[in-house]
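Next up: the structures, one after another.
Consider the two complexes below, in which subunit A is the common component and subunit B and subunit C are the respective partners.
On to the complex of A and B.
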């Protein structure tokens, strides 16, 4: 009997499942312990935020976009502000741009460490999970100390930022970064060499270069499949044009490579933060007075922790946007799951799904 | 081996309250040690008891598609079998099971029953995750039963020949022989078998790296997915009691030595349990991740099976 004429079992993964941080339904056809087909059903976290955005004024939308999702909560208002500023023709002062990069990189470190920690949890390596989460906790403390919040930083405003780093704050951040850097070096070594991590993540969830290009995946998923694409380097925005941003990419195309790309990007982020601290321009924190936003439209993009985030904004001169739309990285990346999951073992499904770091509340908003 | 003094007999009633309590205490100890190894505080030592009390106060839901009688009988069968198996285990210097109860072979059969009830439970729960748990549990049993059989055979032949017979399957005799001639842990020919046993018991207890049938992120507790309330509590009791049996078997086979004074002997016996739990369960499960079922199967075929076989051949060759 060949695999095809055996009856397949349907494995309902989700909409609520311990391996998924958010609701999503994978209808998986399994032949024994092998995945024969996957059907992804999304839409469980739809809240109508794009519609809501057209009912609120431009300032209120800053708060709204920050609450689209928690892990990229800084990327959304940042990209939204960039669109507004482009329409208004009022770029933020250099100091604000540098501080925006600070906020963004702090969030990126925490987000990447979170994903890598969850991978250890899914592999059943609880000690490593705890270890990575403890390192991430340093970044959570940094957020709380500098911004007053552990998830939503409230760092951006139209034309600039809402927080400042004085000498004391900068020194504190520098010290914490040194602590994180030491831990991350250890963690990277562990992920690179530990046998139980390697045996469960290497060679599974393969997304070959060709498929990655065809599917248009972005972020760490693309960079782990040999596509060195990073908005911060390819189309620098804000302070990134003045900063050195090396692009990490790997050729292995598997779950392990995605984790390693994230860990290496944590090191890059630490380096970017140090560059920002060393060369923090003086000056005001935001344009003043606030410019009027005329009728117009703009498309802006930034590199969120999960990849390229694109915002489209159209204004009509009133206080409310006429249309606000965004395309999030997970939208591109989760289509790649069908390629990655084909032929995978049931035991590997959670690791593969986690490796694209799907952010459902962003995607379904 | 002496008659058991009355006060001990009351608490130690073999297979009864003693085993259940000891099993749960070991579980609490394991959770605490694992937590400390991960820089956490960890739950109170009595947490498994609290969990059990909570489960006892809840309802057991039975899935519509599940055969009700079988579904609810399985946890009972599993727990009582595990408790019965404890009665077959001698405690050095304290308790020797009556020969009428049965020997090592009976114990082997009893030891297989909890795994079988888990398989049936997974299958009876009418859930695809239970079904996957069933097939994984079966693969695990196939993987570790072989090495266990050979470990037991190696010890049985060793002691049997030393006593002038061909083989002895009486655990009491094996323990008594060690009391007189020193523990088998000091016998180089049996070291491979000891290693095989050390790999076997985390697998039998379903601990990382071998918690594959119940892996939470993969199959949502597998066979136990549909169980709740007292029925789930019974399965918890079963796994706790099984731990007592499996660890007790190792102690009896390799290191049952104890002083003549029953009170000291009992304390030392309990310490051995604690050490085996700490080193073989807590440390191992915090130091690595879970294997995939094919990896675990291959591991047992490549490692413990050959080790146990090597011991058996060594014993046969050296004394034959």
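On to the complex of A and C.
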């Protein structure tokens, strides 16, 4: 029998533990060891958060949006605050904008290192996985020391930030960044040259440039397919218009390229943090008094670790939002899985799924 | 292979994990742990109750004063209450030891009562002003300010105007 007339087998994958500990269900048609077709079924993590947001006041939603997702937990309240401040006509003071960038880049480093660590775990390189996680642990300690929590920073409030960096805090952050920078340089070298990483990730999960454009993918997935799109550089918000943000992009379009983009972005983030520390503006942390939010609507966007995050907010002058809607990067990125998985070996599925760094709790909310 | 060096280095460093429960459980100084309430500093503004996303804070008001209740099991440790509490009556401690048997889940509560005091002018019950509020509102403390502190808003207004008229008369 030839490959074409052989009956296809349906392989159910998930909804639990494909690559990450989040529920996602794949109905995969396999021809022997090769993937012939994929059908992605989502919705297992739907909690109705957009509805809940309209039942809570503007302050309570700061915390609710922060808990939509764990790895990009700072991007959600940040973009939400940007929308509120645009409606209220109350931009945060320069120091608050710089500190928001600090919080965001700290989260980005931890998020990217986490994804790259999981890649090593899926390759079966457990000692490298532990090593990358231990490097990420430095950032976790930084978060706990500066913000008081390892995941939910609670950095933003309406009109500014809730935390401050004094000289001691800035010096501490500088020292920890130096430690991470040394480790990340070494980790990047390992991912670039290690044979077992290379053989499991190079040439796998290809998303050609044309498909990437057609599917509208964003974030590291787009940048690894030759689309140098980064909201921080294309449409700078907050402090980013005063910072230098080089956009990392690669042409290989495979799993390996996505990991390398993330590792290079960790280095960019470290550099941005150093820029922030070197020229942290003086001044207040938040607008005072608390701005009144009139009726209005606003659309804001920011670069979350997974890509462009868009928030739409409509207020009616009351203390609750009339509508709060957001579009997360994983929505477009996981649609690209159908292109990436076609023709892949069954054993490579977890690696490919992990390479788009899907965030289900954001997407299904 | 480059990784062998990393591996050897990590082996030399020893375990990276904390020794807990056999060693001390370290927490960062600004750790956002269990919420604590100090009734002596509370002004009863109600901002904590308004911003609490989980509804873990409730303020019950009656003629004798107010009672503030915090349910630790509903708290998400976001710290918005402490952030918006200008008189610092609510703060977050570095205590994260909140594990408890199921049977005790309704007892993990913090309560504090703020009692009304009578206005020295008319005797109407008012909520006392804490030292922290006085510090925020006035640069220094004089005997006049201390006297105004124990007056209800109406009596305070009358006393202030009387004071101003007195000063005006002595000027002309």
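Note that the second predicted complex is superposed on the first by the 364 of 365 C-alpha atoms of A that agree within 3 Å, B and C clash if a C-alpha of one lies under 4 Å from a C-alpha of the other, contacts with A are read in each partner's own complex, and residues count from 1 in each chain.
We adopt the following convention: a contact is a pair of C-beta atoms (placed from the backbone, for glycine too) under 8 Å apart; a residue touches a chain by one contact, two chains touch by 3 or more.
Since this is a predicted model, take the numbers as computed values, not measurements.
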Quick check for you: in the superposed arrangement, does A:190 touch first (subunit B), second (subunit C), both or neither?
second
Contacts for A:63 in the overlay, against subunit B (first) and subunit C (second): which applies, first, second, both or neither?
second
Check whether A:147 is in contact with subunit B, with subunit C, with both or with neither, and answer first, second, both or neither.
second
Answer with first, second, both or neither: which of subunit B and subunit C does A:108 touch in the superposed model?
neither
After lining up the shared chain so the two structures overlap, which partner does A:349 touch, if you call subunit B first and subunit C second: first, second, both or neither?
first
By the touch definition at the top of the document, which applies to A:95: first (subunit B), second (subunit C), both, or neither?
neither
Give one of first, second, both or neither to describe whether A:33 is in contact with subunit B, with subunit C, with both, or with none.
first
Between subunit B (first) and subunit C (second), which does A:128 come into contact with in this model arrangement: first, second, both, or neither?
both
What is the shared patch of subunit A, the residues that subunit B and subunit C both contact?
127-128, 130-131, 134, 194
Any idea which subunit B residues touch subunit A in the complex?
34, 37-40, 128-129, 131-132, 135, 208-209, 211-212, 215-220, 285-295
Considering the complex alone, what residue numbers of subunit A touch subunit C?
56-57, 59-64, 66-67, 127-128, 130-131, 134, 137, 141, 144-149, 152, 154, 157, 162, 186, 189-190, 193-194
Subunit A residues touching subunit B in their complex are 9-12, 17-19, 30, 32-33, 120-128, 130-131, 134, 194-197, 199-200, 345-350
Can you name the residues of subunit C that touch subunit A in the complex?
1-3, 6-7, 10, 16, 28-32, 50-53, 76-80, 83-84, 92
